[in-house]
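Same chain, two partners: chain A is paired with chain B first, then with chain C.
Up next is the complex of A and B:
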């Protein structure tokens, strides 16, 4: 009797816990409709989705790192450096875009290697390693720009970040391609299994013949590479380079991942939750704007959502 | 002992289940004031669970605890401490970078005007330490003490809480002969002060030396309580094991196979393994015996490439191989079932299927990515071969019983189609029925041509399963015995370098 009751309660709870994020998304949509009818105007929805793409792209990278048991605080630094370098080298011209892209992706991969090597070879805790790298990147950027970024973003980048194919924003398509790539890797490639098992229990993974250091290193490289892509999409969307572009994306991406239910300790979670987490955050920001509340309220809302999500998920851990 | 003494502690009908296993099934346990009460049983018999419930670390699912005449329910270790129950675990809980005095009064610092009064704490700590002897200074850092001294500080900590019942969970496991005598001296003096002690050990000789009475647990049930003066070792062994061990093992391999699969030459790894040389043939089970912590685990880990700083030569089918990592080992055809399946063997939150295919997932790679059809076929075949009882491939491994979990570990090893299988205590914490199945499985594997290294913490298992037995002591090879002629006495002679039959019987029924 008692066992049945508790298992019934467990089921209700696990529906809430697995579906909680989707329920939250619906609730936000409904309250948006009530609070601000302007939200559902096609032009606004288009803007919301377009605004969600840069965060979405880097949040995919963050998800990969966090599934593997790490965290990347340096991705905002990579985004910012990407925008100023591209603006400076191209000076807003398509002609020198190719070398500029080669350079920024090179930088991204190098930063990923640096993070990954610090974490695997030097055993630096990921939080500290990537924080150090983030600060380093900020310094490099200020030295490079002398704190006054110049130039602008070439039209081609702006096109990919800003236009639409029919009703769908181009940068959203890029985001979906990244998500599809993630799904392919996690479901159809051994590497996906390796990431999950490395995050769940590094020693078990190692004793199962997985090169865990290589797996970890690659998660950081992928994340930094996606940070470059996210930086380009963001810069194209905004249209110019300044000192603040990309700021806060490291924490926002972590927030989206955590809201999406990926474990902070690694090994469990997935991309579906992260996508919803990204949409949720972006929509909430948008609603704050539509209600003509001061922009500072975005922070209040963001904080509240993160706390609510984490409090819900920690039930699960406590129960086990 | 005064038999008219009332019971200080009575635990009645204690029940505790963990997912997939009943750890305690209506266990009664009682202690009289001022006695030393032994608690023995095989691995997984429920000793540690029982005392953890008493110490407030676990909650019983049913039953009641009467301590000092009052019905109690300890919801936290703090609760139990307040009531006067102290516990000393196998792993010490001292903070190595804090002084002895700070450790003893951790969380209960003595204050003066709101500030920590170090002077007072030191004098109080010294008072207690003096009772225990052993030359420990209150301001020494705990990390600098020997294991025996640390244990004494743990006891001091319990006494500082005015503990009237102290539980010792295998305190002798880490002690040498002289240190053990000192511990017994302390226990006797505590007893004379009226402190009641519960003493868990797998060494029967100690039970007879120090305890008044002994309670025997088996498979989560109480088998009986005896005055040590009225029983003997063979009776206790029978109570613990519950059967004669000879019948449960499959027959040894009949014809000697001459093909040497693995040759290990002068293998060393840190302090744990020193200069070990042996070989193993196809179809052979080579048991590895020795006292706990004599290098058995380190030896198989070294062969598997799990630890760095391995020196020596390994030849596989007469070809020298260099095994620098578990990945290389698996590629070469060597797999290992690690000692601790929960932290080293399995991903508890992942499905049975994904656990089994973890080392071999690359094999299912096709042009369009992983083929789930091929993977499912493999998983199903292995689950059927090993008779793993599950509700589906997607069931999480953490929900299975110990025996089924261990079979998943074995399935994972078998999926790699190994030539050499390293099994580190594969029946640890597994219930009796599953044990017998695992014995048969291991023998079947050997009969199919695998070379198997088999570690067990239970000597009868080694004797029953092994074609030959390799005995280690402090990481060194002491000798290799023929399985048909080996006896516990002969193994223990080699393992200890002495001639102690008592120890041999004690080790036979290992700890849990």
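Up next is the complex of A and C:
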């Protein structure tokens, strides 16, 4: 009898462990249906998904870094720098967009390399290295703009960030392409396995013949490159060269990754969970607004979800 | 006259002195006065407004500070973290370099990099520099107060520039009212709704006094009209993108929105886009004299009210500095007048040739605007 009870309890925990995030998503959807039917209006769902895309894109990058055992606090800085550079170079015209994109993606790759080199070659803890780079980027941005950005976002960027193909937001298509691409990389390519191995146990991975420094460096390059893309998508959403674009995205992306089940220590989790984490955060933000709840509730709900997720995953880790 | 900006590091190297300080503080000023807003007559005057009214009735005899020019002026401020501050600081520069040319021998610019704790360090650096007079835009009310008291005891007059510290130990305070701005927005929107209707409120960053004062001013006015209902309020972090997301949600939840009260042109910009994309009529909105906001209002023929939070405060503050050093008697509170305008005057203020971050109402000559980088390439 005791063995049966134990088994039942084990099954329940197992379901919670494996599907907790999806159960939470369903609960939020059901709650939304009860509390605010406006949530399921097609126009609102369209807006929620469109709003989720920029965060989703950068959260995929953050997931890759965290799977490899790192963290990236510089991605918001990359997003903002991307915006002001593109706006300044193009002055709102498509004609100069190609060189502008080449430059900002170059900047993104360079920032990723800098983060990666600091972490792998100088052995700077990722938190400190990327925080330092974030501050550096802010300084560069203020030098570049003199705190007053000029120009605006070209129509082509606005199309990819703010329009729709049928009922599907264009930026959501970009998000899904990013997700599909990196799901393939992390699950089907050796590089994906190397990321998991490096994050799980760096020394064992190294002894297994994996170039862990190269893997780590590439995770930062991927993250910064996706931050450029996320910055463009967010900038195109409104069309304004915002000096503070992406403010808070570094922490929101970490929250989405953690809610989605990727371990802070690296080596476990995945992009699928992050996508659900992003959707959860975006939907909660939307529902709080639909219900006209004050910001305090929004923060309480967001904090509670993060704590609950971390507690659940910690429990799993301890149990294992 | 030699005008030079001295960095903290360089100065400490020169003087061989290091001074540290620590503390916590807030950002930007407390609530302000409402001397001429219609709304003011209708609402009970809050304590901080009474404080301003009391200050405005008193004067400060500066004869003990009288000194022949040139003077050494220290300006400790937030630092150039956004375009409003860029133009605000430029007014101080303009006054020192052009309007009062020859009256100042040296100028110390204390850049706090948008950080209230750092401002304490910068402030101490400025004191070591031994200025004749101190122009201060405190980022926190409490933390820097002890230093302000100490400075006045040293015989260095303090002029508060836009915001103030907790200490009452100062010569004069030059500012404009955030509370009044929010109230003026609300009074206009209420009239547009014929004193009956539903509005949404879009604020900047939660907890900042500049943001909360504007919202408080608005709610004090709206609450006078029983037929007006607030559908919801959200903080948009001065981000047009967030303003748009928030408004999209409000539009989904509420089939009828009669007005948008926005504490800043930035989030209202996003709100206008949200209305356009939802295919809904854009209701009357509020914002500031920000070029980008005016541009989108013109594009969609929006009925709006714009009220400036004057970037020219810096110029008036240097006027007060000069009076102080000449030993004149100055009012303890100087309320810089605001300008309000709407749709019919938009072409007077909108500058299509300048960037979205340009603030339309100012006292700077055109070549300074070009020099500050607002000209489109």
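By our rule, the second predicted complex is superposed on the first by the 309 of 320 C-alpha atoms of A that agree within 3 Å, B and C clash if a C-alpha of one lies under 4 Å from a C-alpha of the other, contacts with A are read in each partner's own complex, and residues count from 1 in each chain.
Methods note: contacts are C-beta pairs under 8 Å (C-beta built on N, C-alpha and C of every residue); 3 or more make two chains touch, one makes a residue touch a chain.
None of these values were measured; they are calculated from a predicted model.
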| item | value |
| --- | --- |
| Fit-or-clash call for chain B and chain C when the two complexes are aligned on chain A | fit |
| Which of chain B and chain C A:150 touches, first, second, both or neither | second |
| Partner chain in contact with A:290 - chain B first, chain C second, else both or neither | second |
| First, second, both or neither for A:31, with chain B first and chain C second | neither |
| Which superposed partner A:142 touches (first chain B, second chain C, both, neither) | second |
| First (chain B), second (chain C), both or neither touched by A:268 | first |
| Which of chain B and chain C A:94 touches, first, second, both or neither | neither |
| First (chain B), second (chain C), both or neither touched by A:206 | first |
| Chain C versus chain B, contacts on chain A by residue | C |
| Which of chain B and chain C A:193 touches, first, second, both or neither | first |
| Where chain B and chain C come nearest after superposition, their Cα distance in Å | 26 |
| Sites on chain A touched by chain C in the complex | 36, 38-39, 41, 43-44, 47, 51, 88, 91, 142, 145-152, 162, 234, 237-245, 247-248, 285-286, 289-292, 294-295 |
| Contact set on chain A toward chain B in their complex | 184, 187-190, 193-194, 196-197, 200-201, 203-211, 267-268 |
| Chain C to chain A touching residues, read off their complex | 80-83, 85-86, 206, 231-235, 237-241, 244-246, 248-253, 269-270, 273, 277-278, 292, 355-358, 372-377 |
| In the complex with chain A, residue positions of chain B that touch it | 304, 306, 325-327, 329-331, 336, 338, 343-347, 349-350, 354, 358-359, 361-362, 365, 368-370, 412, 416 |
